[in-house]
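If you scroll down you'll find the structure; I have some questions about it.
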Amino acid sequence: MEKSRYKIGLEKLSEVDGNAGDQVIESLKDVAPDLGRLIIEFTFADIYTRSVLDLKERERMTLSCLASIGGAENQLRVHINGALNVGVTAKEIVEVFIHCAVYVGFP
Amino acid sequence: MEKSRYKIGLEKLSEVDGNAGDQVIESLKDVAPDLGRLIIEFTFADIYTRSVLDLKERERMTLSCLASIGGAENQLRVHINGALNVGVTAKEIVEVFIHCAVYVGFP
Amino acid sequence: MEKSRYKIGLEKLSEVDGNAGDQVIESLKDVAPDLGRLIIEFTFADIYTRSVLDLKERERMTLSCLASIGGAENQLRVHINGALNVGVTAKEIVEVFIHCAVYVGFP
Amino acid sequence: MEKSRYKIGLEKLSEVDGNAGDQVIESLKDVAPDLGRLIIEFTFADIYTRSVLDLKERERMTLSCLASIGGAENQLRVHINGALNVGVTAKEIVEVFIHCAVYVGFP
Amino acid sequence: MEKSRYKIGLEKLSEVDGNAGDQVIESLKDVAPDLGRLIIEFTFADIYTRSVLDLKERERMTLSCLASIGGAENQLRVHINGALNVGVTAKEIVEVFIHCAVYVGFP
Amino acid sequence: MEKSRYKIGLEKLSEVDGNAGDQVIESLKDVAPDLGRLIIEFTFADIYTRSVLDLKERERMTLSCLASIGGAENQLRVHINGALNVGVTAKEIVEVFIHCAVYVGFP
């Protein structure tokens, strides 16, 4: 059953991130396999599969969160890629950062 | 001309926040009138009027930013109100916080 | 099966927080029942039950995290209570804050 | 000798904060006397007595730091008081917050 | 008129940052020209031109903000350069970081 | 006497970080010798020598703090090394990050 949350998560992950996500999980395998499994199960199986908000809306919010906490350039790169993957346009991505600048400044 | 950015901002502000926004500006008037003017001109005239993303999408991102930086409970209250005002549902607002929990934890 | 993660989480929650935890979950029930369920399942069933680190070590780290992100006074209160519950002494709690001051300042 | 760092710190503290500082230290006495001593020795004896920047410049920077980390309203109140005490004008304090808004947003 | 805020901003930018600022704007041109324009208009035309605090005081506060939010090493580099440009000494810059360590730790 | 706080700090530093710590101090010597001295005196002589919590517990909390504030990858590297040095296992270090993910997300 654990396994099935993992499988649902893996499918959602590749829907969002394509190969980039696989690489993140792959790179975690040796150092911290549990962390990789928790990210897939919790983030992608429990959260990203929820209804109410679609994947485009979720990726725009993810970029807002990452821009707000700062110092997460690698994750921003992964999620800009993910956002483009699920259909957010490049123009919208720039607009997300412009919008967030109101609340978190221009750093 | 400065004045006209201010007017555009005031109109957008009341579109988003209704009376709640007026109260914020009013309360800033004695202590820091320039700060109130800058918020209206920059936030509401320059940013919220931009196309590409609509007001519902902007309010969802605003909530994401505020949840991410933490310690901004008063602003969260103002913007939950603003989000409801422009048509974001209560269910979506909860979903924004659930989604952001992935990136900023459950604090 | 979902249910059983929930049950495991509830038990761990009351081991850590006693009645205080119940109140948090209760207060989330009307507004955001899913958020309450996710906190119990993910935080208490998936994470707090893991071995490697015991509950005292976990609560000391939780206090370190909350002190570091700032603006989380309510959560600090809940977890100071939780830390005392699982056997962390008042002196150690003060020491956690003194230690963290090195990395996050005296705010 | 430890004592003398403490004394130097106490004098600097009352130069900056007047009675407000005494109250903070007093309120820490029962719960965490070591924390109070460390704040006086490190913050006020080691740092605030340094040359290069004067007390007005230091208080302006302190307000910048507190505005940037967010969620520190009590400390902001203490240091607005401290800033006024050492000669920073109310207008300058507002200006500090306006300036910082560029880098940390309007939250 | 928009244009004139832009021009005022550009002049102030080169007063603060010299060529370094031009390069930042240049590098934003292809990806996000609107973001570059907003930074120049809001940051440099609206804020940096304000009286009450001079450029040296503003750069010291900017460094305080950037040190406080963390993870902004590129911006710190740009603004250390800017601070030196407007007459802040290297010794004062180090002192800003030492002072901020009290409030944001030694990270 | 100042000197003796410095000496106590240097000894504790090499107990925690081995050669890595020396390199940090060495690299600060030309730019900011005072900052290096303050880190040694305050962090290592005043704080790390305190009883109540041992070095393993302190390093686990340090990692929690650094993970929470974000954008401190260099310091994380130094302190992962330090944690291993004082006897925290690799498995525990991964567990610290998994635990903190609850409060600060998976960024």
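By letter and in written order, the chains are A, B, C, D, E and F; residue numbering begins at 1 in each of them.
Quick note on the criterion: a contact is a pair of C-beta atoms (placed from the backbone, for glycine too) under 8 Å apart; a residue touches a chain by one contact, two chains touch by 3 or more.
Just so it is clear, the structure is predicted and the values come from calculations on it, not from any experiment.
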Practice problem: Could you run down the chains that neighbour subunit C and subunit E together? | Solution: A, B, D, F
Self-check item: Shortest walk length in steps over touching chains, subunit A through to subunit F
Solution: 1
Practice problem: Note whether the interface between subunit B and subunit E is symmetric in residue numbering, meaning over half of all numbers used appear on both sides, and answer same or different. | Solution: same
Self-check item: Between A-E and A-B, the pair joined by more C-beta contacts
Solution: A-B
Quiz item: Taking each chain's centre as the mean of its CA atoms, how far is subunit C from subunit D in angstrom?
Solution: 31
Self-check item: Approximate Å spacing (C-alpha centroids) for the pair subunit A, subunit D
Solution: 40
Quiz item: Mind pulling the subunit A residues that touch 2 or more other chains?
Solution: 34, 38, 42-43, 50, 65-66, 69-72, 98, 100-107
Quiz item: Among line, ring, star, complete and other, which one matches the pattern of chain touches?
Solution: complete
Quiz prompt | Parts of subunit C lying in touch with subunit F, wherever the complex brings them together | solution = 42-43, 47, 50, 52-53, 57-58, 60-62, 64-69, 91-92, 95-96, 98-104
Self-check item: Complex contacts: residues of subunit A adjacent to subunit D
Solution: 100-107
Quiz item: Which subunit E residues qualify as touching subunit B in the complex?
Solution: 1, 34, 38, 41-42, 46-47, 50
Quiz item: Across the complex, what residues on subunit C touch subunit B?
Solution: 31-32, 34-35, 38-39, 42-43, 65-66, 69-72, 75
Quiz item: Along subunit A, where are the residues that touch subunit E in the complex?
Solution: 70-72, 94, 97-98, 101, 105-107
